Amino acid sequence: MLLQQSTWIEIGQFLERSRTVVIPIGSNEQHGPTGLLGTDWMCPEIIAHEAQKNADILIGPTFNIGMAQHHLGFPGTISLRPSTFIAAIGDWTRSLAVHGFEKILFLNGHGGNIATIEAAFSELYAEASFARRPAGFALKLCNWWDLEGVNDLARAQFPTGHGSHATPSEIAITQWAYPDSIKTAQYSPQIAPSGPIREALDFRARHPDGRMGSDPALATPQKGGELVALAANGLVKAVDAFSREAIPA
Amino acid sequence: MLLQQSTWIEIGQFLERSRTVVIPIGSNEQHGPTGLLGTDWMCPEIIAHEAQKNADILIGPTFNIGMAQHHLGFPGTISLRPSTFIAAIGDWTRSLAVHGFEKILFLNGHGGNIATIEAAFSELYAEASFARRPAGFALKLCNWWDLEGVNDLARAQFPTGHGSHATPSEIAITQWAYPDSIKTAQYSPQIAPSGPIREALDFRARHPDGRMGSDPALATPQKGGELVALAANGLVKAVDAFSREAIPA
Amino acid sequence: MLLQQSTWIEIGQFLERSRTVVIPIGSNEQHGPTGLLGTDWMCPEIIAHEAQKNADILIGPTFNIGMAQHHLGFPGTISLRPSTFIAAIGDWTRSLAVHGFEKILFLNGHGGNIATIEAAFSELYAEASFARRPAGFALKLCNWWDLEGVNDLARAQFPTGHGSHATPSEIAITQWAYPDSIKTAQYSPQIAPSGPIREALDFRARHPDGRMGSDPALATPQKGGELVALAANGLVKAVDAFSREAIPA
Amino acid sequence: MLLQQSTWIEIGQFLERSRTVVIPIGSNEQHGPTGLLGTDWMCPEIIAHEAQKNADILIGPTFNIGMAQHHLGFPGTISLRPSTFIAAIGDWTRSLAVHGFEKILFLNGHGGNIATIEAAFSELYAEASFARRPAGFALKLCNWWDLEGVNDLARAQFPTGHGSHATPSEIAITQWAYPDSIKTAQYSPQIAPSGPIREALDFRARHPDGRMGSDPALATPQKGGELVALAANGLVKAVDAFSREAIPA
Amino acid sequence: MLLQQSTWIEIGQFLERSRTVVIPIGSNEQHGPTGLLGTDWMCPEIIAHEAQKNADILIGPTFNIGMAQHHLGFPGTISLRPSTFIAAIGDWTRSLAVHGFEKILFLNGHGGNIATIEAAFSELYAEASFARRPAGFALKLCNWWDLEGVNDLARAQFPTGHGSHATPSEIAITQWAYPDSIKTAQYSPQIAPSGPIREALDFRARHPDGRMGSDPALATPQKGGELVALAANGLVKAVDAFSREAIPA
Amino acid sequence: MLLQQSTWIEIGQFLERSRTVVIPIGSNEQHGPTGLLGTDWMCPEIIAHEAQKNADILIGPTFNIGMAQHHLGFPGTISLRPSTFIAAIGDWTRSLAVHGFEKILFLNGHGGNIATIEAAFSELYAEASFARRPAGFALKLCNWWDLEGVNDLARAQFPTGHGSHATPSEIAITQWAYPDSIKTAQYSPQIAPSGPIREALDFRARHPDGRMGSDPALATPQKGGELVALAANGLVKAVDAFSREAIPA
């Protein structure tokens, strides 16, 4: 069930049978010479939309801009500063809590988001902790590649050249979902270098075409479809486990 | 051309022929008993995506959560506070300006966003004004219903019962784009009351089913399609005029 | 009754017969070659002080600095950024609410303030909406030129050359109140150009003497007096209507 | 010369002969059973307006709301939080600096403002310090009672019962300037108690009628006039000394 | 008793017999050619740690970075902006209040901290004042040199050349506590100049070696030991008096 | 070399031979029934102070309060909210960068700090990225347990009962450094439970005595000494490697 394609009355009815909602969250940033700028928010969106086709889970709108300051040296990247990102995650969460959602699972598509999302969770929990009261909600960060079995499949599909940015697995997923937007390009070296992540100019100097440790030409739509099917299944399980989790009195 | 379905190299090439980008912006909020929660961000997205099919204009990702605090009494609504909204619009704009975009047109789908978007523009311009330097970019807010001819068409389509929230025109657009998500419901009175907009409890007490002055059952997918076609055409013209506008030296 | 010329005991007594207060709000900014820098906060102050002479309404201190970033290219302009303006309106409002004021009418004198004042209202209401509680107060923005009959009179007084900044109507009001500070200057063209409002350097390039679409030499103290009398009367009516307005339970 | 009753052209001309501006700053807060709520912003305004009658000094608009959180238990008090106050002083200062003002003297009328005004100065200077550049302006806080000779006169006028809040000296000044707003009341003890300043409920419990250590009935308009004359003279000297002060290269 | 060298269970037991805690607070900033960068946080820490050896008082961790923007022109200085300082003092205080501490005494070692610490107190109290509730805690700022008898002793020890920054008294205290870190240097003039405090470049131009009005060579470890003994004794008395202070109902 | 026990002149000299500084950073929070509240900031301080005895590295003052909101249910815990923590890390870093430090290594002692410290780094880098300029500094987060060989030693010392909070390794380090503050207590179960980290009440319900997965009674001062020696050596190597790292042009 997609929240945005529902009426408020339907969401009210859903809340009578579940208090859990999934928010796909990612980033809009360069993904090397062939990857789509939207890769990191499209992947969790694709997986979450697929998952709700066969399970009674609720997917909210996609949080499509995250923490990508290091990619700002490449055209098309849009980034929030961490302080803005924390404020926005806060308002999304507080809005959902107003309606009675008690378990909010952020399905994340961007490694660079992890630290700030966790900081945002702490900022939200701290409101309750300073006030000596229960938060009223539990928050969970779940990267799509950490869903059950997904990392194993990706390693099997791409034993070399997977890397950590503009990876063949994420590009395969977008190829499966947007077959009309498959791009090709020449690049070298075949497997890109790795390195620390600092400001945008530093990043571009280290990674001139945007890739980090990856060979995205290994991606195929078929491999993407396999990943989506497995991840969608894993998401349903993760939502179920999170929903069942008891909160201490 | 959709930014998110492009590579950074393609955006770099686009910047050589244009410095203008369109950002669909809206809100995720209750739209009465039959309107979709995503109506206000889907409408500008639908129109903008349609417009780029036949014109060389660039559409960015959709800014899908806006200022909807007064709708928080209805399940599914997600709102940013104005201060968060201003910060987020700021970071989107600064990111685009880093790449050399000089004209940023926000195609808006939610009346409740207007004041805060304009405040955000002033916040951004003020950085330049306090520093005695040019901003380097021009910002434009354009509501889809103010695109050339659109208001006239809506008035002709819905001479009564248009209202100001959960209107038949916006619902018609989502019906055209998402025909599988057309909802029906009984409601009364046929045309909803109007009133001031204050906090969420006040709003819900005044507008028990969420509508303001509207009769959304007048919507049809066909009327939506007519509105989209006209608005898409108007957007191309608006982008063209904005792109041509000279900035004083 | 002027709050600032009252004791706290007198305000306590007033609160027993009314829960409404008027805050004149404006801006301190260039007003063309002959307009006073204080025009936009003086006008609502003049009107509000006049209104309370013959009616039992309460006028608070004047909020004299608003959102005027686009005028910073002209000496004497003082502006708050929107984020600061929102914070300050918030603290004024919260202070008044502490005392039990339930209706706060901001009588505004500057078009450039409108968006940010409305954003500030939403920021305040959002505190209540996120907390699922009533706000405890209602806020109203009222531009002095929108008071009953005022726009019609101004149009009759100045059929051409009224424009939108450094208008003859606002200058006439300050001439009536401060006859020792009437200024004259040569300027051309007789009616100033109009244009978009962006950062300060852009604004000054488009409007070299500061006027927008206006011919302020049309102002006379007598016309100002007529406007003040009508507006003061309109304010009393507006306060009365706002005070009587019921809040839904 | 009053900035608000001048045109931008006149301020531009003033800047050719001086780079100094005076901002009266105070608070709108309870002043005991007979003192006006506006006392603390009216006193510096009265003195500054008087001073500019006989000297070529520039007085800006009055910053009329300060840090008065401890008085919020008394109707009519309006307070900024320190964080808001710092932001607003910052924007006033940055605006004036844009125009080339290099010496900004805040003539203060409220003891409770001092700490936050100094913190605001540090916040502004810190921008320069972190950027390893000159600030471009010097800021001075001057309480009106510290102007040359004023404290001595007040002590001579009120050898007992002066106290620290709702003092006969400040009330005398408002009596001189607003003779139609002189208030009387019974109160006891004749000289109010003193104590620490904490939150509003604590303050009101310690100081039930709002006075701190004072007997405001000692005030007379004539004494007020003497204070204003001396303070106005002292302000002119203070402005002159500040204007002449050299800034190290 | 040192909080940081205790377990949470021991602090819980302490709270059963006292609700008062002392926080040493200072600054890490240049202290002239011979003073240690940590002087201003070491002094209150040394005194507080000494005081708890013979009295049942609780000393928390040292808040070691304060408001030192004007010293940023000298290597090793670390400063918070006032806005950050206010936020951090706020979170320290709110944390301690969560546990039931009702009296928090900040033992301060840096004159430049005073204004911002007081602003921070007002920011905290304002939360309660705007909410019409008791704060639940009382805050006290106490400079170590203002403890009973300390200023008199310092004046007796250093009748000339004490000054206001890099003073022989504070340096003597660090010499007593850190005898292995006693530094010597040539400097002139023997007594440093005084002047206003503005941004860092201005400060360094006025005070090339960092001293203000002082001759730190007068310091000896023995004099430091005398100051520590007296101040530690004074702190115990101050804590006792503060603990006994009644809060109005 | 300890920054706080040096003069500004000595730091200026150090900067001529190195641009690297180490900041011990931790948290003041409950550490189970026997662990000291200061454990998490004492451990990196102890290790860093030990390391500088035999190597020419510079250690700054200890950042002793971090992100510990989940421990606020236990007396003595002091926490910053993530937003405050980010602001404070920002000002520390900007201060050090003013002096020319180009490599800043935060030696961390608290797992709960990691996400927010990384978010703070991104916030700082983003300033440069949005301005299209180099940051001028590189930041590194290094947990003391990740220093070369340390985790291996801890696993060898404590094959069972190490856990993740109030671990025997961190408690051993404080026992070695503060042998007079070794605490004992009865607790059960011998190895504490693990679980998710949410708000303070939730945490205390899951972990009634504060431990997570650990048996701190395994700690001995001797094991602590072994850990310190190894970690101090590892820190010297880490500083050396970081100092040598080239920044791309």
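Here the chain labels run A, B, C, D, E and F in written order, and each chain numbers its own residues starting at 1.
Note that a residue touches a chain if its C-beta (ideal position, glycine included) is under 8 Å from a C-beta of that chain, and two chains touch if they have at least 3 such contacts.
In UniProt terms the chains read A, B, C, D, E, F = Creatininase family protein.
Not measured: the values here are computed from a predicted model.
Considering every other chain in turn, the ones in contact with both chain B and chain F prove to be A, D. Steps from chain B to chain E, taking the shortest chain of touch contacts, total 2. Centroid analysis (C-alpha atoms only) places C farthest from chain F. Taking each chain's centre as the mean of its CA atoms, B is the chain most distant from chain E.
Here the CA centre of chain A is 47 Å from the CA centre of chain E.
Centre-to-centre separation of chain A and chain B, using mean CA positions: 24 Å.
The geometric centre of chain B is 29 Å away from that of chain C, both derived from CA atoms. For chain F, the set of residues that touch two or more other chains comprises 72, 79, 81, 83, 95, 98, 129-130, 132, 200. Contact topology of the protein chains: irregular, matching none of line, ring, star or complete. Across the assembly, chains come into contact as A-B, A-C, A-E, A-F, B-C, B-D, B-F, C-D, C-E, D-E, D-F, E-F.
Against chain B, in their complex, chain C makes its touches with residues 67, 69-70, 72-73, 79, 81-83, 86, 112, 114-116, 118-120, 122-123, 125-126, 128-130, 132-135, 138-139, 196, 198-202, 205-206, 247-249.
Chain contact summary for the complex, chain D toward chain C: residues 3-12, 15, 28, 30-38, 41-42, 60-65, 72, 74-81, 83-84, 87-88, 90-92, 95-96, 98-100, 178, 181, 183, 185, 200, 210. Taken in their complex, chain F has these residues touching chain D: 94-95, 98.
On the chain F side of its complex with chain B, the touching residues are 129-130, 132.
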